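I have placed the structure first, in the form of structure tokens, so that the comments after it can refer back to it.
All chains are identified by letter, namely A, B, C and D, in their written order; residue positions are counted from 1 within each chain.
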Amino acid sequence: MKYTIFGESHGPAIGVVLEDVPAGLVLDMEFIRSELGRRRPGKDALSTQRQEADEPEILSGVFEGKTTGTPLCAVIRNSDQHSGDYERLRTLPRPGHADFAGFVRYDGCNDYRGGGHFSGRLTAPLVFAGAVAKQILKETGIFVGAHISSIYGVNDTALDDVSQLYGVAAKDFPVLDDAAGEEMKAAILEAREQEDSVGGSIECVVDGLPAGLGAPDFGQNGEGVFSQYLFAVPAVKAVAFGAGVAFSLMRGSEGNDPIAKEGERIVTKTNHAGGFNGGITNGMPVVFEVTLRPTPSIALPQETVDLSTGEETEIEITGRHDPCIVHRAVPVIEAAAALAACELMGI
Amino acid sequence: MKYTIFGESHGPAIGVVLEDVPAGLVLDMEFIRSELGRRRPGKDALSTQRQEADEPEILSGVFEGKTTGTPLCAVIRNSDQHSGDYERLRTLPRPGHADFAGFVRYDGCNDYRGGGHFSGRLTAPLVFAGAVAKQILKETGIFVGAHISSIYGVNDTALDDVSQLYGVAAKDFPVLDDAAGEEMKAAILEAREQEDSVGGSIECVVDGLPAGLGAPDFGQNGEGVFSQYLFAVPAVKAVAFGAGVAFSLMRGSEGNDPIAKEGERIVTKTNHAGGFNGGITNGMPVVFEVTLRPTPSIALPQETVDLSTGEETEIEITGRHDPCIVHRAVPVIEAAAALAACELMGI
Amino acid sequence: MKYTIFGESHGPAIGVVLEDVPAGLVLDMEFIRSELGRRRPGKDALSTQRQEADEPEILSGVFEGKTTGTPLCAVIRNSDQHSGDYERLRTLPRPGHADFAGFVRYDGCNDYRGGGHFSGRLTAPLVFAGAVAKQILKETGIFVGAHISSIYGVNDTALDDVSQLYGVAAKDFPVLDDAAGEEMKAAILEAREQEDSVGGSIECVVDGLPAGLGAPDFGQNGEGVFSQYLFAVPAVKAVAFGAGVAFSLMRGSEGNDPIAKEGERIVTKTNHAGGFNGGITNGMPVVFEVTLRPTPSIALPQETVDLSTGEETEIEITGRHDPCIVHRAVPVIEAAAALAACELMGI
Amino acid sequence: MKYTIFGESHGPAIGVVLEDVPAGLVLDMEFIRSELGRRRPGKDALSTQRQEADEPEILSGVFEGKTTGTPLCAVIRNSDQHSGDYERLRTLPRPGHADFAGFVRYDGCNDYRGGGHFSGRLTAPLVFAGAVAKQILKETGIFVGAHISSIYGVNDTALDDVSQLYGVAAKDFPVLDDAAGEEMKAAILEAREQEDSVGGSIECVVDGLPAGLGAPDFGQNGEGVFSQYLFAVPAVKAVAFGAGVAFSLMRGSEGNDPIAKEGERIVTKTNHAGGFNGGITNGMPVVFEVTLRPTPSIALPQETVDLSTGEETEIEITGRHDPCIVHRAVPVIEAAAALAACELMGI
């Protein structure tokens, strides 16, 4: 199952083409809508004020409610653009954004309005694709879940068991510990008041993958496969599996996971490996953490260069922006993980 | 330029096929040998005692000293195998190793001796491929360098400027601060004495890539491209670009890199982005850190399950092993980075 | 530049996503429409009576009239479906069609109405993609043209020089020799009257490709690249380059193309190789011929098996069908050739 | 299963890396050798006088006689090179060869001796790879066979039934009708005496593929998949499935294959489609014909241009050459077909 996302933040529509969807899947549109709803900004001050219905229209690949197996194209119309906000940014690259890199890459022809194809809005079709992937995985007993592990230094409680994640998707603010969640919200709102933004991290689990998927080799390495999907999510700057960066502080006797029996199954007593050894699933839950940079759009004045004059200047970004995208990114990371899991499963 | 690595630790040979090498490159065999030498274990107690000449034989793709542009195959014969050490491990998967995952993946048919195709020995052909990539990059002014950033909690000094890396490749122990290096060595030797091993991290820089390489989309995202090469290196468990995991502690005003002029060039005053915005190079050095797990081969007794009987049991891993692979992995990470850079450059 | 086509003949829409379009192309919508017009059925008896406006809506990848370089999605709405014609064919696979193969492939879930995703209607988005490719090629002096070389045994005159093709695209019936064209039309109309259909062949030229594109190796072989695009066109059953099947009747002294100078250029005096040696362009025009099977939809009774009962039975295909698709396929073959040429050019 | 072929005709060795070979295959080395033997020139005047043992050394991917599932590298050393024959051809491109195209493609750096990487000698590792593929296919009941269908206008008898091919692989000259074979040999020997060469065609069958493999879409189209493997065989200039070019002379009522029952199986009464409808296997044997150009190496004087002086001149090709490669190409075409079938089977 391959996905190709198209669209620009202020263009007519965004969407996705999914190839090699298994035929005969009764598409659960309610589930797809609920996943899109998890990503959609709330009506509070934690997110952007842009309001979009995000109702997908399916143009192909579904017949009589079931997937046909041929390419599935879903389109989401844009409606609540305020393109005027961006006109004066045309030649002023915003620090932390891809404006300058994109300008060079696309010879100045990329749609700069609202970040264009770089916009976080493009994660809506990704969530659509991920919802399809999740539905397929669920039918084979595979669960994908995630929670905010930290925002601006406020940590959620550590995950001990996958089951702790079962209720998180239904929460408005996807944390294990709601008290920590309130602290995180306070940190977001404080940043917002100060015309700033905050970063954070998300921990995600794919539970139920059988042992033996992937390979050590380039292009098939399980962690490599996951990371390619994860880094394609805007703002992700780090990906760590299992004990992750803490491995650098460990001895082998600490980092190795003792091998044991659990009934007839061979398991490990700990899961520092995060479900992968040598790039191959070992039957334990795949666990990883991604770090997301703070939203680069902030109202504080920032230094930049006017590309039309070549002069150094300042920029203040007005318009509607997320003071933090970590909470909205939780279903996006799950979507990327679900698609990666499908690739490893050969779906 | 694509690479395919083949071979097993105790098989007749290991090697690599490089496709789409630019034609007409006068292959610098001295440089290739010196890169292989950096990876080869020293004769001290910091590394394994296995001694291999690692002399590559080029079977194709080079004519009259120049690359032909057609596939280049280089082979390195194995000579110093002690396969007997492994016979009793045949059905005892080693914790932290890919033995169990590989057993399932390959239906019990993979070569278990010395880790087989999962062995760190397979990084020798990767270094060969990387040396070719580095030579190509060097001709267009691109530098690839790395240093150990930490071992078991001992940190090297922070990298301020790429030029600090210029002399590191020539060092026996690739750190910026040799005093820190001595502390790291002590940590390694102590672990070794205690029949244990240690993990660490490597910071790597690719300097000189032009702005505008890569794309935000899945499969072309610059960080995704790099991460796929990096996770294909055994023991890598985390990859972080620029400020990396520290982004989770930052506000946008801290994390954003101010844009400025440097002569005629547009640069950023800081490089928290690590050279990528929106998956596209921004003209600043690509900077990333990888975390390597401690060598899983340790002599201490560990819990495992005998795959032939299904009984829980213990294992003590004898034979020759690295108490730390971080220092030997530095040229390997550079090799992976060089190959990733070539992909982004369209080489 | 990669293309992905989606849609079904009787679904809401068909379309294409084009990735890696060069940025900054001023899209020539008039040209695109004229290419789509060449493929659209005429209002005569030579083609199906289904009438569609085939007006593409561009959802992404174009900003202020220019390509952005990010994925371009174009959608064509279906409007003139007569799905009722197909209801009774639901379980009756039509001989010569992909109904049975598709039924097995897609577990009976593919959209059978009008051939669904297998429909010749899906060549409209291919022509869209090809028109973009042609426009890009034209800007570097590359010409793509084709003519009907035969229909049901009636041959067009042989092509001596590429320039003979310049006016053909503007013709209603794309042949070099209009008298031969009239004979072909008569053959089509006669078949139609007899509730039958006819096959034929198309000769296509890509002129202006520089020497040195492609490689002998699998996946890069120039003829292999072209053939993959060409066989993806419905009804194509044979692809032959240069002298093609006549090579089997030749001696080396006849088949070899003498090498000569033409001004400063190195050329061949004949072009039996059809522009490729060893899978690499040699600077001569790429010339190939494709054979298209007769339209499988015919009104004559045919033998089939009812998939719901397992009984052998007969089928008569009513509805609107092309008695010949060769004339409408000329711009489609050109489109496939243009996309293949772009791949070889590294566009 | 992917294959990558490396090597040059007069380099140290040629070989192949096979990735994703199923683990646990007991490699049948006798069968591999017999397949390589079918390709090797006989000691008669029908083929080149170059004599090579063609004994493969397996460097990786096989352990205790079984495939490990990790990349399998097999190397064949070159021994009987006469490189002196080629020295004066260094700057004289041979008509019909890839010398000029390769010179441009590889900036004059390709190994010109014996055709280098373009040499028909590179089909030996392809036959190795194909033998592995055939062994895998055989275990699931799939048969791959071929015969010379024509040489220089002398036709073999038409194939009525796949079983006619069963004994052909054991023949010195792989035809159905040995009398026709004698005529073909006479045509070859006559061409040889006249310092010339002849072309021909090969018909190949893959029997036993289940219905439902492939897809109509670009990149997955069954005929497209096969053609990419087939055009990667040197000298192949045309590929036609089923009725092939004869479809251009047919009406739909002739070309369509009536659908019927054969016991419980759904079959077609004829197989004009050659086993594919809409790019998907229909359960009937895959049947195709390839056309091979006459060997371009002929002793007769031919026109060329000296690349060092830019002057038009003549060339006479001395050395050891095949007056026809069609008979030796039969196992090569089977090998390409077996690899294509594995791709469609998802092996």
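We take it that contacts are C-beta pairs under 8 Å (C-beta built on N, C-alpha and C of every residue); 3 or more make two chains touch, one makes a residue touch a chain.
Just so we're clear, the structure is a prediction, and the values are computed from it rather than from any experiment.
**Q** Give me the set of chains touching subunit A intersected with the set touching subunit D.
**A** Expected: B, C.
**Q** Looking only at C-beta pairs that count as contacts, which pair of chains has more of them, A-C or B-C?
**A** By number of C-beta pairs in contact, A-C is the larger.
**Q** Find the chain most remote from subunit B, comparing centres computed as mean CA coordinates.
**A** Chain centre farthest from subunit B's centre: C.
**Q** Can you compute the centre-to-centre distance for subunit C and subunit D, using the mean CA position of each chain? Integer Å is fine.
**A** That gives a centre separation of 27 Å.
**Q** Approximately how many whole Å separate the CA-defined centres of subunit A and subunit C?
**A** 39
**Q** When the centre of a chain is set as the mean of its C-alpha atoms, what distance in Å lies between subunit B and subunit C?
**A** 47
**Q** Among the residues of subunit C, which ones contact at least 2 other chains?
**A** Where subunit C meets two or more other chains at a single residue, that happens at 4-5, 19, 70-71, 105, 117, 215-217.
**Q** Which residues of subunit C touch subunit B once you look at their complex with the stated criterion?
**A** Touching subunit B from subunit C are residues 19, 70-71, 215-217, 346.
**Q** Of all residues in subunit A, which touch subunit C in the complex?
**A** Subunit A residues touching subunit C: 4-8, 11-15, 17, 19, 23-24, 57-61, 63, 66-73, 75, 105-111, 116-117.
**Q** Write out the stretch or stretches of subunit C touching subunit D in their complex.
**A** It comes out as residues 3-5, 93, 95-102, 104-105, 117-118, 122, 150-153, 191, 196-201, 210-219, 221, 223-225, 227-232, 234, 236-245, 247-261, 264, 266, 268-269, 272-274, 276-283, 291-298, 300, 302-305, 307, 310, 312.
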